Amino acid sequence: MIQVGIVGGTGYTGVELLRLLVNHPGAEVSVITSRAEAGVPVADLYPNLRGHLTLEFTPPDVDVLSQCDVVFFATPHGVAQAMMPQLIDRGVRVIDLSADFRIRDQQVWEQWYGQAHACPELIETAVYGLPETSREAIASAQLVACPGCYPTATQLALIPLLEKNLVDPSDLVVNAASGASGAGRQANVDNLLMEISDSFKAYACGGHRHLPEIEQGLSDVQPAAAEPVALTFVPHLLPIIRGIHATCYASLTDDSISEEQLHQLFVDRYANEPFVDVLPLGTHPQTRTVKSSNMCRLAVFKPQGKNKVVVLSVIDNLTKGASGQAIQNMNIMFGLAENTGLEQVALLP
Amino acid sequence: MIQVGIVGGTGYTGVELLRLLVNHPGAEVSVITSRAEAGVPVADLYPNLRGHLTLEFTPPDVDVLSQCDVVFFATPHGVAQAMMPQLIDRGVRVIDLSADFRIRDQQVWEQWYGQAHACPELIETAVYGLPETSREAIASAQLVACPGCYPTATQLALIPLLEKNLVDPSDLVVNAASGASGAGRQANVDNLLMEISDSFKAYACGGHRHLPEIEQGLSDVQPAAAEPVALTFVPHLLPIIRGIHATCYASLTDDSISEEQLHQLFVDRYANEPFVDVLPLGTHPQTRTVKSSNMCRLAVFKPQGKNKVVVLSVIDNLTKGASGQAIQNMNIMFGLAENTGLEQVALLP
Amino acid sequence: MIQVGIVGGTGYTGVELLRLLVNHPGAEVSVITSRAEAGVPVADLYPNLRGHLTLEFTPPDVDVLSQCDVVFFATPHGVAQAMMPQLIDRGVRVIDLSADFRIRDQQVWEQWYGQAHACPELIETAVYGLPETSREAIASAQLVACPGCYPTATQLALIPLLEKNLVDPSDLVVNAASGASGAGRQANVDNLLMEISDSFKAYACGGHRHLPEIEQGLSDVQPAAAEPVALTFVPHLLPIIRGIHATCYASLTDDSISEEQLHQLFVDRYANEPFVDVLPLGTHPQTRTVKSSNMCRLAVFKPQGKNKVVVLSVIDNLTKGASGQAIQNMNIMFGLAENTGLEQVALLP
Amino acid sequence: MIQVGIVGGTGYTGVELLRLLVNHPGAEVSVITSRAEAGVPVADLYPNLRGHLTLEFTPPDVDVLSQCDVVFFATPHGVAQAMMPQLIDRGVRVIDLSADFRIRDQQVWEQWYGQAHACPELIETAVYGLPETSREAIASAQLVACPGCYPTATQLALIPLLEKNLVDPSDLVVNAASGASGAGRQANVDNLLMEISDSFKAYACGGHRHLPEIEQGLSDVQPAAAEPVALTFVPHLLPIIRGIHATCYASLTDDSISEEQLHQLFVDRYANEPFVDVLPLGTHPQTRTVKSSNMCRLAVFKPQGKNKVVVLSVIDNLTKGASGQAIQNMNIMFGLAENTGLEQVALLP
C-alpha cells in the first residue's frame, strides 16, 4: 500500500485527489496538510467525504511527510519549490500539481510568474508528467511536474500534428474555455455565482501563464528541422464548475491530406493510450462526457476542405487536467496498472 | 457474477444503472433493451460509456431476459406490469424502478396513474424496496418495487418521528425540490434549458403522484394506535440536473422534547445504515454533497424552540432516488455486502 | 426632475437602482457614494452602464447629499442609522433599503442584528415601505424603510388570509428560496460559483433575520381579536442570480371555504395593485416571469380539499424585493404615477 | 403610431419583439400570428407579458397583415419567402428576421439551406439590415433581411480591419459561442437542461449556415483589390440562455501596427454608432454586460506583439442578434431616432 501525503489539501485539486484516492486499491492517504485548517477533520470542510475519510488536516511538517512514499503538492505556485529540496534530499518521491517545475527555462518561468525561483537546481531533474509523451521518464522520476489543465488538453490535441510536421508551427491558434474551478477556491468577487454564472468572457487575452508551457511541450515533440512553435492562446471562462474545451486551429502544410487521413493519424497515435479517446469522424466532444473522469476525448475536422485542421479536445480540468493525471503518474511511478483507481465513468447526465 | 438485464436503458435511470454497474465487482450487464435504439451501441447514445461498455441495445425479448439472474425495469410507469407475469413465471428476479408496484391499493394506483393496472395479482407479492425499513423482505423477494425519488428523501426524513409517534401525523408539510433529471429524457419544451435554467417554480401543487406513496410508507411505520397520516406535499423544479432536497415540517405532540433529543433519535435510528448520514447539529445538508453517490444526508432542527420540527433531507434523485437504491436492493437480494459497487464519493466541487 | 442621491452604490441593490433610474423620466441621479471606489466612474465597475451614465463614485458627504431631493441607502445594515439624523435634520427625504428601520421594537432589532441601534429616536418615525399596505403613510413620510426581499414576497402572499382571519396565525409555514444575489457582492468562498451553482440547500434554519420582520408585518394586518402570529420560516439558496419563490402553508380555520373562493379573495384584494398579479386558478408562478420587473405574481391552492391553503409567490429580489420597490416608494412620495419608470417587461427567456 | 404585425410570434425572437415593442413609444403591435396557438392570449404563453399586452394569436392572414405599416417575420427559414410576394405587392414594408433573404447568391442559399428558394425574384431587392454598414439603404428599403446572430457579432468585430485591408482575408478564424436560445423554442432532447446545462461543446464544425453570410458581409466591405475572404468558423454552445461571444483571429499584413493603433481604428470607426461600444484597451467584454440590451461591445488585442490581432465581440443574440436589431431597422425605416425603445440597460447582475 503506497503511503500518500498531500500538501495543501484544502483546495479543489486537494479534494479531487481525496475523492479518487479514498477508493484507490493501491494507495492510502496518511497525511494531509493545511496550516489554516490544522486540527479540522477533512470531512468537515468537504462533507462529500463524510463516511469515507476520518483524517484531520495537520500543519505541514517535513519529518512527517518524509514517512510517505509519495507526496502530492496541491498548492498555488511558489509553495512547492520552498519545501522541495528537503523532501528530495530525504528520498521522497514528489508529484507537484503546481506550476513550479513545469517550465525548464528558469528565466521564462520567472518572467511569467513574476518571482524568483526558489530552487532552480531541481528544475532540470523534474520530469514533465504527461504520460502520453513521457511515460518512461515518469516511471523512474523522483520529481514529476504535472502539466497544467489547458496545456494537457491542448498538447493532446496538437501533438500528433506537430510530431509529423503536418502543420505550420508558427500559425497555431488555441481558443480554450474552462470551468470556473480552474480559478481555485479563493474568496474573490470575480468568481461569485452572481458575477459569472450567466455570462461568458475571454480573459488574459494579452498573455496567459499556460502559453509558454504549451509552446515548450509542443516544441519537444517536433522533428529536428521544424520551424519554431508560435501560438496564439485565448482562454475563456465557462459558467460551469468542471471541464475544459480546447478548439485548436492549425494550417496544413500539405493541403492534400484528407480529413479521413488526419483522423486515422490520431487514432493510430493514441491507440494504446488508456485515457485518450479519438471520437468517430463527424462527432463533437462535450465536456460532460469526461466530467469526473480521467479521459481526454478528441475530434478532428478539416472544414470545407480548406487548409485548416481543427482539433477539439475535452478534459475534466480537475481530473485529467490535475488530480487524475497526478494519480496516473503515481501509478506509473510505482509500477501499478496505469488506470488503477481511475476507471470512473464520467457523470452523465 | 450476477447476470443483469436492463429493460428500457435509454433513459436517465438506465444510463445511471450502467454507470454504476460497469464497475460493480459482482455483476455484469449482459443485455439492455430498447425498441427505438435496437442495434445501436449504448456508448453511441451515452458517450461517457465509451471504453467501458461495448453492448448494443436489443429489442426486449422475454426469452433473452429470462437468462438473466435479475432484470431491472428502467421504464415509464405502465411498461413493467405488461411484461412482468412472464418474467416472474420463469423465476427471474425483478427490480422495478417504475411506479407500477409501489402502491398496494390497486384503486389508489389506478386513480393517480389514470389507467387500469395490467397485473394486479402481482401487486401484493411486490416488496417495497426501501432497505431502511424492509431489508429482510427484500432479501427474499422476487419482485422489488423501488421507491420514487421524492418518497425516498421524504420517508427517510420522517420515519424516525412517525415510528415513535412524536408528531401530529395529520399536519405534515413536505416542501421538496428536484433537479430536472427527474422529468426524464423526453423531448419537451417545458424542460429546455431556455425554459427552466434561470428560474424556479412549484409544480403539481394540486396533487403529485408521489403523495399516496409517501403516505403509504409513513403509515406503515406508525405504531398501532396512531392517527392517520395526512400530508401536504409541494414539489418544485430546481435548475440543476441532479439532486433532491426535502424540507419536512411536523408539529411535535410533546413540546418539551429538545433539539438535541430529536437529533439523537435520528443518530440512533440510522446508526447502522450505510447510506443514511445524520449531520451534526446546526449543519445544513447540500445536494452537492450527495451528487453521484448513494448517500442520503439528514439534518434536524427545532427552530426558536417552537413546536415545529424541521427535517432536511438530500439525495441524488438518480442514485439513492433510483438506480443506486436499485443496486443496493440487488446487493441485498443476492447476499452481497450492501455497499458493493456503491462507494463512490459524491462529486464535489 | 427629482434629484437623487445613492449611498453605497457598489452593491447589487445600488446597480439595480441605477439600471432603473437612468431611464426614469422623472428622476436623475446626481450623486452616488462609495468610499472604496471614490473617483472611479460607475460604468467602470458596472460596464452594463457604459453609455448610460458618466457619474463617478464620491465619498459620502452629508452636505452634498443634502442637496438631493431624496437619498437612497443601499448599504448593509448599521450604516444608514449612523448618517440618518443629519439628513433628517436637513429635511432630506430618505428611502432606506437596509434593515435599519424596518423593525419597530428596538430590542427585537438589536437581538436579531446583534448590535445596538444608533438612532432609536427615528425608528418610530419610519414608515414601512410596502405600498400594498401603507401607501398613504408612504406618501407623506420623510423616512421610508423598504421591506426585505423575503418579507415582501411572504407578506403579499399571506396578507389577504390574515386580514380576514381565515387561517390559524400560530401555524404558518413559509418555505422560501432566493437567488444568490440576495447575499450581496461580498468576497466570500460560500458564494463562489463552484460552491453553489450545482447545488441547493436550506440555510439559517434555526432563525433568519427576516422572521421578526415578517411576523410584525403580518400582525399589523390582523383584525383586533386575532391570535398572535407564529411562523416557521426556512430560507433556501437557489443556484440562480435573481428571484425569490415563497411557498406559504396555512391551516384554514373554516374548512368549507373553497379554492375558488380563496382565489377570488386574492383577486379582489389586489385588483387595483399595479405590481401584484394573481394568476388564474391552477397556474404556478415561475421566478423567470418576474425577472428584472417590479411585479409580484401569486397563486393560491387548496390541495386535495384538505384544510391547508398554499400560496405561491414570486418576485425579483433585487427589484420588487429591493430597488424597484424603493423607486415605487419614491414615486408615491413625490406624487408621480406609481409605475413611472417601472414598466419593464420581465426578461423571458 | 406605427402599426406592427408579427408573423410567427411563439418563438423566442417573437417574445423578444413583444418585450421591446410593448414599451416602444412610436409603435404598437396590432396583430400577431400563430396557426398553432390561434385564439390563445399571448400572455398565456408568455406570462412575463401579463399586464402588458391583451392581444391573442390569430392565424396568419395577408389581408389583416396588409393593414400594418410593417410586418416582422419571426419564423424559421422557408416561411417568410412563401408569403412575401403578396405583402410586397400590397406595399407593406417587411423586416425578415429569418435567413430567407440574407444571401444574395441564390445557389449558395439553396446549397446551405437544402431547399429551393420560393421567391428568388425578391432576393436582390432585399437590403441586408446591418445599420453599421447599410443605414441609408435600410431607410428606403421595403424588404429588410436582418442579419443572423453570429454574423452580427462577427462582422462588427472584423469590418474595421477588412475595410482597411489590414489583415490577410484568407486566414480568418472565428471561434464563437452562443447561448442556447439561438436554437429556438423547439421540443428537442438535445436542448434539454439535463443535456446541456453542465457542459460545453462545439457543433457544426464541418460547416454552419452562418458561414456564407459572414463571408458575404465581409467581402462587401473590402476595398476593390483585396484578396477573397476565407474564414474558418466554429460555433459552440454555451450553457446560458442569452449571449453570443465571438473571438476573432486575423493575421496582420503589416506587423508594425501597434495595439494602440488598432484600438484607435475601432474607436474611430464606431464613434457615431449608438449600439457599438469599443472597450478601453486591455478590457475583456462579458456577455452579461449586453444581456437584454441592443449593444455590441468590442475589444481589440495584439497578444505578445505577434502578428495576430484578436477581436472580442459580445451581443445578446435575441436583441442585437435578432429582435433588437430588427427594431433598430424599423426605427431607421420610419425616420425615428435609431435608439427609440432600445435604451434598456443590460441586466446585471
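Brief remarks on what is shown
The first chain written gets the first letter, and so on, giving A, B, C and D; residue counts start at 1 in each chain.
FYI, contacts are C-beta pairs under 8 Å (C-beta built on N, C-alpha and C of every residue); 3 or more make two chains touch, one makes a residue touch a chain.
Every value quoted in this text rests on a predicted model; they were computed, and no experiment measured them.
The chain pair with more C-beta contacts between its two chains, of B-D and A-D, is A-D.
The most distant chain from chain B is D, comparing centres defined as mean Cα coordinates. Separating the CA-averaged centres of chain B and chain D is a span of 46 Å. Averaged C-alpha coordinates give centres for chain A and chain D that are 38 Å from one another.
Shared interface positions of chain C, i.e. residues touching 2 or more other chains, are given as 12, 181, 185, 194-195, 198, 239-241, 285-286, 288, 291, 349. Of all residues in chain D, only 12, 15, 18-19, 22-23, 46-52, 181, 185, 198, 241-242, 277, 279, 283, 285-286, 288-293, 295, 297, 318, 343-349 touch chain C in the complex they form. Within the complex formed with chain B, the residues of chain D that make contact are 12, 180-181, 183, 185-189, 191-198, 239-241. Within the complex, the chain D residues that touch chain A are 171, 173, 175, 177, 194-195, 198-203, 205-207, 211, 230, 232-234, 236, 238-241, 243, 245, 247, 249, 251, 282, 284-288, 291, 299, 301, 303-304, 306, 308, 310, 312, 314, 349.
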